[in-house]
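Same chain, two partners: chain A is paired with chain B first, then with chain C.
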Partner chain A sequence: MDIQHSDVGDVRKVVLAGRLDTAGVDLIETRFGASIVPAGKNTVVDLSQVTFLASMGIRMLIATNRSLSRKGGKIALYGASPAVREVIDTVALTELIPLADNEVEAIGIVAG
Partner chain B sequence: MEQRRQNSGLRSAETTDGKLKLVLNNSLAAVEDGRSEIIRFLGPLDAMAQNRLEVLFEELVSNTIRHGFAKGSDQSIHVQVERGPAAITLAFEDVGRPFDPSQAEFLEGFTSAETARVGGLGIPLIVRLSSALHYEELDPANHAGFRPRNRTTVSVAIQSAAAEEDA
Partner chain C sequence: MDGGETQIVTFARHTDVALESRAHCLELIEGSDFGRIFVVGSAPVTLGRTSPADIVLNDSEVSRAHCKVVVLNDLLVVTDLGSTNGTFLDGVQVTEPTPVPVGGVLRIGRQLLKHEWRTEREILQHHEFERELRKANAYALALLPPPVTEGPIRSEWLFEPCSKLGGDAFGYGPLGDSQFMFYMMDVSGHGAGAAMHSVTVMNLLRQRAVPGADMTRPEEVLRTLNTMFPMEDHAGMYFTMWYGVYDKASRELRFASAGHHPAYLIPPGRPEAIALRTRNGPVGADPETTYRADRVLVPPESSIYLFSDGVFEIVTKEGLQWGLGDFVPRLTGPGALVTGECQRLYKEVRGLSQASSLEDDFSLLVLNFD
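This part shows the complex of A and B:
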């Protein structure tokens, strides 16, 4: 599991790569929160290189979204594969964190 | 019969009569070690079916280890994997605290970031991504050797070989 972050204007961009399963979340959960919450910026998360998502990964997204929302920031996801999208849809995560098709759309959501 | 190696999450693996039989240790390493054996056994699958299978395996094994077993105990999970013409079936047996995922309640949807729950998210995945789900609480006295208390069986529908060729 790998994580990288950068800024696109005023928006924080986080790129995740690998499996967001129990082992993968253990590896990156602390870095994921640290790359998003202290900055307090609206954030987009690129899931296009995430090959697997299970409940521990969803839990990580929800917990980080909560911490960022306390600072007034928003998160949007984008680039999910059909398999990852099915998991997101199954738990209705998009009621909490929007899922866009691409980066431009995701930035529009958090900046809007 | 083919027997495979042991490692931290996997106590044993063998293939008998076209079925894969795994014994998993009480360790979260069992999730990855068991998954690798199952993928090797099943061979190519369509991507959505494989993902559903991996999600079900991950959720059921990790739930049992986190919530059903005593931490650090020598308890184990026995898993049998069978590929049928229309579905793959996983049967899990363990000696942990009884838990019926098919009857477990879960909340629908979310209302706000502040109140969003972070627990129990595996249950809707198990219920909704399986094409069949069955739980049975067993009487350990009725079994010789390994004496399971729980048996959970899940299935994932797959395309037939002919349909895969047409796809």
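This part shows the complex of A and C:
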């Protein structure tokens, strides 16, 4: 599991790569939260290199989204593979965090 | 002189630790009964699948007499006993009597045992902790309703927590004279914290006493729970839930799900699995969530399956990641129609899984309707 972050204008961009299962979340959860919440910026998360999303990964996304929203920021996800998109849809994650097709659309959602 | 006194105190502490006797132990860190500790002394201890092995490991990949361990000159030594699948120490196959360093890990079948060098006090504390966990687990199990084998709505279930305590919970029972409620929930995370959270919610639902909520209205139950259990106030935990109320006279089922995958309705003849869910966020994750319910007619002689994601989130022996879509087809077809359906599915999933023990709680509830 790998994580990188950068800024695109005023928006924080976080790229996740690998399996977001229990082991993967253990590896990156602290860095994921630290790369998003303290800055308090609107954030887009690139899931295109995430090969599997398990319930622990969903928990990480929800917890970080909640922490950021309390600071006035928003998160949007994008680039999910069909398998990851299916998981997101099954648990209705988009009721809490929007899912876009690409980076431009995701930035538009959080900046809008 | 103050410095001299300090030196004496420091020395005494070191002496206490050094004098406390220690024992070589093997702790199951992965496998059928993980968390257990076995103390090894100067008498050889045999590990195998069945008695008369001193340490019995319930694992089909473990031979009857697989290997033995013994302490020689204060070293823990392992010897393979001609096992079919071999004994491995830190990934290397054991071909002759081999010392196991403290911290070294033995792989025997699908079981992992770590060499620990512990004081008697640590061993006693560990056993005490294990006893307390077993009591807590027994309490959580006691809250689950007994299977119903007779009557117009029969139930069976299987609950297998991946750790000593699990975050899954489910229940069912009458709601007044004419209705029947049932639910499944899954707290984010595992272990004692998740179990305490699920027990709290389970007790409310057992009493049919979610404050201010009409228990016959699924969307109202979920909305009220969402108000009561915000994740900020509960150590960052939220939960997913599926909740339904069946009306015996009209055969109508009202249901709502909250971040939970669908329950499945299997009509008579088992031709298909009909997904029952509504798109709502999980409980506790966002105070603004609105909850919607839906309804369906339950045909005579139908079944409904509720389960947690631990039932289908597995990696197969071939290394393939399973998802909901891989599991659902197993609900249709012949099945074990009367009883034993939960065991059938559990065995299938366990048989396919790569891991020696499931990585998540396995909770499955099957309701059969007249």
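As a working rule, the second predicted complex is superposed on the first by the 112 of 112 C-alpha atoms of A that agree within 3 Å, B and C clash if a C-alpha of one lies under 4 Å from a C-alpha of the other, contacts with A are read in each partner's own complex, and residues count from 1 in each chain.
Rule of thumb we're sticking to: contacts are C-beta pairs under 8 Å (C-beta built on N, C-alpha and C of every residue); 3 or more make two chains touch, one makes a residue touch a chain.
Everything quoted here is computed from the prediction, not taken from an experiment.
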- Item | First, second, both or neither for A:91, with chain B first and chain C second | both
- First (chain B), second (chain C), both or neither touched by A:82: first
- Query: Which parts of chain A are touched by chain B and by chain C alike?
  - Reply: 21-22, 52, 54-56, 58-59, 62-63, 66, 83, 86-87, 90-93, 95-96
- Of chain A, residues touching chain C in the complex: 21-22, 51-52, 54-56, 58-59, 62-63, 66, 83, 86-87, 90-93, 95-96
- Item | Parts of chain A lying in touch with chain B, wherever the complex brings them together | 21-23, 52, 54-56, 58-59, 62-63, 65-66, 69-70, 82-84, 86-87, 90-93, 95-96
- Query: Hey, which residues of chain C end up touching chain A in the complex?
  - Reply: 186, 188-189, 231-232, 236, 238, 240, 257, 259-262, 279-282, 285-286, 289, 309, 313, 321, 323-325, 359-360
- Touching chain A in the complex, chain B uses residues 28-29, 31-32, 47-48, 51-52, 54-55, 58-59, 62, 108-114, 116-119, 121-122, 124-125, 128-129
